[in-house]
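Two complexes follow with chain A in common, the first pairing it with chain B and the second with chain C.
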Partner chain A sequence: MTALPGPVLLLSTGVTGLVVLLLLSVGGAHLARRRREQRDASRRAALTPLVYNLLDGEQTAQSLADAPAVLDDVVLHLLPQLRGNDRQVLRDLLVARGVVDRAAEQLSARAPWRRGRAAMLLGATGSTRHTPDLVTLLEDRSPDVRSAATRALGKAGDVAAVPYLLAALTTFRPVPSGIVGMAVLDLGTPALPALRTALDSGTASARALSASLLGLHGDLPAVAALTAALDDPGAPPHVRRAAAGALGRIGAPQAGDALSRVTVFAVDPALRQAAAEALGRIGDPDCVPALAAGMSASDLRVRTACADALASITPEGRDRLRALGALDGPAAPAARAALDAVSSAAPRSLAGAS
Partner chain B sequence: MPHVLVVDDDPVIADLVAFRLGRLGLEVSVEADGEAGLAAARALHPDLVVLDWMMPRMNGLEVCAALRADADAGLARTPVLLLTAKAQEPDLERGFAAGATDFVAKPFSTRELISRVTAALPPGSIPA
Partner chain C sequence: MREFLVDALLTAGWVLTAHVALFHLVTLLLVLAGARRVWRNRHWRGVEGHDETFASPLTPAVSILVPAHDEEAGILDTLSAALGQKYPALEVVLVDDGSTDRTFALVAARYALREVAPRPTADLPVDGEILSVHRATTGDPLLVLRKHSVGRRSDALNAALNHARHPLVCMVDADSLLETEALLQVSRPFVEDPDNVVAAGGVIRAANGALTDRGTMLEPRLSRRWVVRVQVIEYLRSFLLGRTGWADAQALLIISGAFGLFRRDVVLEVGGMDPNSLAEDAELVVTIQEHLRRRRRPHRVVFVPQTVCWTEVPESWQVLGRQRKRWSHGLGQLLWKHRRMIGNPRYGPIGVLALPFFLLFELLGPVVEIVGVAAVVTSMVLGLVEPAIAGAVLVLAIALGVLLSATAIAVEELTYHRYGRGRDLLGLMAAALVEHLWFRWAHSWYRLRGLVAALTRRSPVWTAMPRVGFSGHPASAGRPVPADVLVPAERLVPVGS
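On to the complex of A and B.
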């Protein structure tokens, strides 16, 4: 066997030593992390009953003020799952432990993840004291922070934030409509007056989102304003479509005339489709003639929506579909397809649904 | 002493519910998924099942329907309280159709949960 020359031997020994050192340090880090996790888990297990005692009124927030930091993990995990007095007790504990104040300080941190995390924490604690700070973050340079601040405002439960949330749809750095919508839905029915105001006087995006949310809430007092928005030819098409969808969700038969007019005479096929779908949801037999007229539309989406709507109005709508299906012309295939869909619909399985 | 089976895949929630019900003087068992929950119900014959809806392996509705369809008439009549974030109108319909006795919507109040557990158990069965 040939002996390795001195420098090569030295180099290979050095490399081997470095590899061993690296492996040892990785192993050590893993071990340390595992120990830390085990220690945190055992601390959590020891502290969790104290949180339960606190909820039971057998422990005060002050007595847990100096408990280890892992207690906050337990509280922050429980907080969104509880409501009422339980939630207030946990909020008070976070205030007593200085968690809320520390999070408020972090809202201006340099790192976006710190700002976003602080915003989410303040939202989870339901702290309305920090609404102005969270509103400022709606224009943060980081889209993640803007989204976090938006959701936090919804979780915090301060309805004063609604106009700011709706304004965030159209700023220089806008927040996506879906995220604003979820935040406003989190605020619940107390947000309805602000949504009604925005439907009348907001930007087009705010009007469209307000209309959709009012529909999701089934807000009867908004029916007149929604009908006016639907009937306004000068309103942007997406606002009118949202108004139509909302009226259908609310199930407002008093909007039947306006929805019928739009189904038959509007220019935008998507709007006609939305109006026809709304009529189907409302299910008023008086709207059958308008839906039947919509069946002669040149756009297939409109004909299909009208046919589906007629199929949901029994027996008048289905009778009209049978008549249309028996004739020649563009309405017949859509009419027959809608009737086939109704007749082949299987009964819904309840227990197997997830 | 009435026996309550709590089935929830969130251990913190399951522990909290078990803790509060234990304080009432009830005997409490906990399982972390639907399949184990159903097996425990068949083995233990609890007086009440507190059931999460969204769980791994078998969801709460499937467990509920399986209990209602059980050959053991006593088990099939066990009250089931669904503790769930799915508490919109259509969810309630599906839950009751699957055989749920009552709902507690998440986020929940432990006071409300205790009231509903008390109402679901036979009168006077909770120790004073």
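On to the complex of A and C.
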């Protein structure tokens, strides 16, 4: 311990100096930030009416070409909230101010945040000119940049990007399925043919996602392919679950038989649950026997899902629930709870209250 | 004998010095990793606006689970904040865990509860009997379970898990306020990467002293109490720097029980909350990661630093001491239970980085600090070490600690800057300086007592923290309670009997 004093004192002094410097910097940053916020707020207040004038046709994009950079923030904030001609006017303004060209150049910047921000900006402007560049970014080193490019492709509205987006699920540097899903949803119904193709011949991940998205779109032409996927015992469980969910969302009664079979006979409880929920959404009285059979399942999730599904089929399903609720056995509590949940009876008094 | 004593004292001094140096080195690396991430996010967060998540049909529904025991001071504010979340589909499951105060009565009056048949969706073991189940008739998606308390938060959470219906579960303390977009922010990783993300946590901040109204944070302000201020610094350091760094290293060990979002199927798969753990939040995260790693299933535990949950922290030394002792006791239980993971590369960064760090610095740190300081003082008294040298080492240790706290304040100011008033910033700076003069030592003492409790295998005891509420006035978000709903729990009959 006796050999310490010199270096320790030196180190202590250095660290103390660093602390003082840091705290002074924090104080300075606090003051600078407050000033900057006030300045930006006043600039925004001055520039926002000009943007509205532009939208009303009282001003030209060229007249705002040299306005301060805060204007870009104002425009980018407004852009997602607008549609049609107003949106196009603001896009033209960004082009006139050189924002789009600068962003396109930044797509190959060294810093990931520059590439990502540029991709996001190009997506917001809805430009399809840069689709190939954005597709290239789907294999970027940075996960954040890949995600930004995916979102940008969805917002840009180029439906030719769908196969690339679905392929990005399973590449060496994959994009998470939720981000791809949101991007494809952004593309709207023009993406449906590509999704149907992917449901038939894509990878397992692409099939599962395509099934979910087709269900969200309520795509009737996909019912046959979704039923086939559900009925295929060789298909991965998550694809079958997604197909079951999609059939329920579409509300396809023609899938009732397949869903009933899965509800009663499938091995995977999660798949049985998904099928029962789908039957509840479809609401076909012909499925009541299958759901009632599902109420005797050993898995609580399956029983609960079947009970909820029966409760949504009136009056046949609820009648069956009343009968099941009056019996003994594991189905009875689930039946009574499901009926209670949909009951519109007057509130009971609280237990114990007098 | 004297030689042995001298050697022991000098060794203890060296161990203390090495421990302090190593701790600060590791923490500095974590801070640098966290600061790098935070700095990068200044330019671009890498995510879209929350409106997309809100509008997306892919956003999964969430069950917010709120265990409550004698929480009349803030329960209505907490529920207002939870039910007022900007989120497309959610339900709140409140468990009144044997409250002896007006917790249930206030909720029953505010939300016009009606009793319904229990509708379990899972069958995790629960020790405390479920007395009754109620649903709000005000249109709020609120389910309330009344149960006998067995003195464990985990038991209440397991009861809530058994009645939750949605694929994600968010565990929130009954003395916490979620910011309006907190759920939307913390759920984003699940929306974007539903196949891999299994748990996510946000930042916890101290609500004491802040301006709130009916569950809404109006203006964060720094409390005047120093014991609260130093906890604010501690939370900033832990969440803004520590957890961001651990998450980047794929070694996040703790998601605070005050605010954490989990995939329900995974929580059920591991058997829910450990009924005997005092650190059930960390215990759940470690168990999930152990379970998934053993099965070689890909998974991610993420930290979302933008998300904020405001919570009430202890305002007295006595309560703080009890809390920290319990945390340390819980950490001891956790490390013992998962001892096979410590240093084991099979468990990845959790096994080789996080768990050894928590063992060496969080659990054993107080022993080294207290024994080491005692040894140095004894050495000075015996003339073995010059006071100037000991003083220099002490000053260095304090300066390094202050540097970490100052870095946390700098990150807060440069990125999130929640405290708008200059005087709050000055208060934080002052707290960063004084924290290491006294709080650190008291904290070490509490943690040492927790470690002793863990080593002697004392029965875990959950002690409720006295609450003052967010506005300082109990039941601020409610109406007066009619006398007929004030039913003590002991008068209720268990469900099914």
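Operating definition for what follows: the second predicted complex is superposed on the first by the 296 of 354 C-alpha atoms of A that agree within 3 Å, B and C clash if a C-alpha of one lies under 4 Å from a C-alpha of the other, contacts with A are read in each partner's own complex, and residues count from 1 in each chain.
Criterion: a residue touches a chain if its C-beta (ideal position, glycine included) is under 8 Å from a C-beta of that chain, and two chains touch if they have at least 3 such contacts.
All values derive from a computational prediction rather than experimental measurement.
Enquirer: Counting only touches as set out at the top, which of chain B and chain C does A:Gly98 meet: first, second, both, neither?
Expert: So A:Gly98 meets neither chain B nor chain C here.
Enquirer: Figure out whether A:Pro68 sits in contact with chain B (first) or chain C (second), or with both, or with neither.
Expert: neither
Enquirer: Please indicate which partner A:Pro221 is in contact with in the superposed arrangement: first for chain B, second for chain C, both, or neither.
Expert: Touch partners of A:Pro221: none, neither chain B nor chain C.
Enquirer: Between chain B and chain C, whom does A:Asp56 touch in the aligned arrangement: first, second, both, or neither?
Expert: Touch status of A:Asp56: first partner only.
Enquirer: Looking at the overlay, what does A:Leu18 touch: chain B (first), chain C (second), both, or neither?
Expert: The answer is second: A:Leu18 touches chain C but not chain B.
Enquirer: Please work out whether A:Gly188 is in contact with chain B alone, chain C alone, both, or neither, and reply first, second, both or neither.
Expert: Touch status of A:Gly188: no partner.
Enquirer: With the two complexes superposed on chain A, say which partner A:Pro132 touches: chain B (first), chain C (second), both, or neither.
Expert: After superposing on A, A:Pro132 lies clear of both chain B and chain C.
Enquirer: A:Pro80 contacts which: chain B (first), chain C (second), both, neither?
Expert: both
Enquirer: Could you pull out which residues of chain A sit against chain B in one structure and against chain C in the other?
Expert: In the superposed arrangement, which is not itself an observed complex, chain A uses residues 80, 350-354 for both chain B and chain C.
Enquirer: Could you list, by residue number, the parts of chain B that touch chain A in their complex?
Expert: 10, 12-13, 15-16, 19-20, 23, 54, 59, 61-62, 64-65, 94, 97-98, 106-112
Enquirer: Would you pull the chain A residues touching chain B in the complex into a rising list?
Expert: Of all residues in chain A, those touching chain B are 48-49, 52, 55-56, 74, 77-78, 80-87, 350-354.
Enquirer: If we count contacts the way the header does, which residues on chain C are in touch with chain A in the complex?
Expert: Touching chain A from chain C are residues 10, 13-14, 17, 40, 43-44, 46-49, 51-52, 56-58, 108, 112-123, 131-132, 134, 137, 190-196, 265, 379, 384-386, 388-390, 392-393, 395-396, 399-400, 402-403, 406-407, 409-410, 413-414, 417, 422, 425, 429, 432, 484-485, 487, 491-493.
Enquirer: If we count contacts the way the header does, which residues on chain A are in touch with chain C in the complex?
Expert: Within the complex, chain A touches chain C at residues 1-2, 4-5, 8-9, 11-12, 15-16, 18-19, 22-23, 25-27, 29-31, 33, 80, 113-114, 116-117, 120, 144, 147-148, 151, 176-179, 181-182, 185, 212, 216, 270, 300-301, 304, 333-334, 336-341, 347-354.
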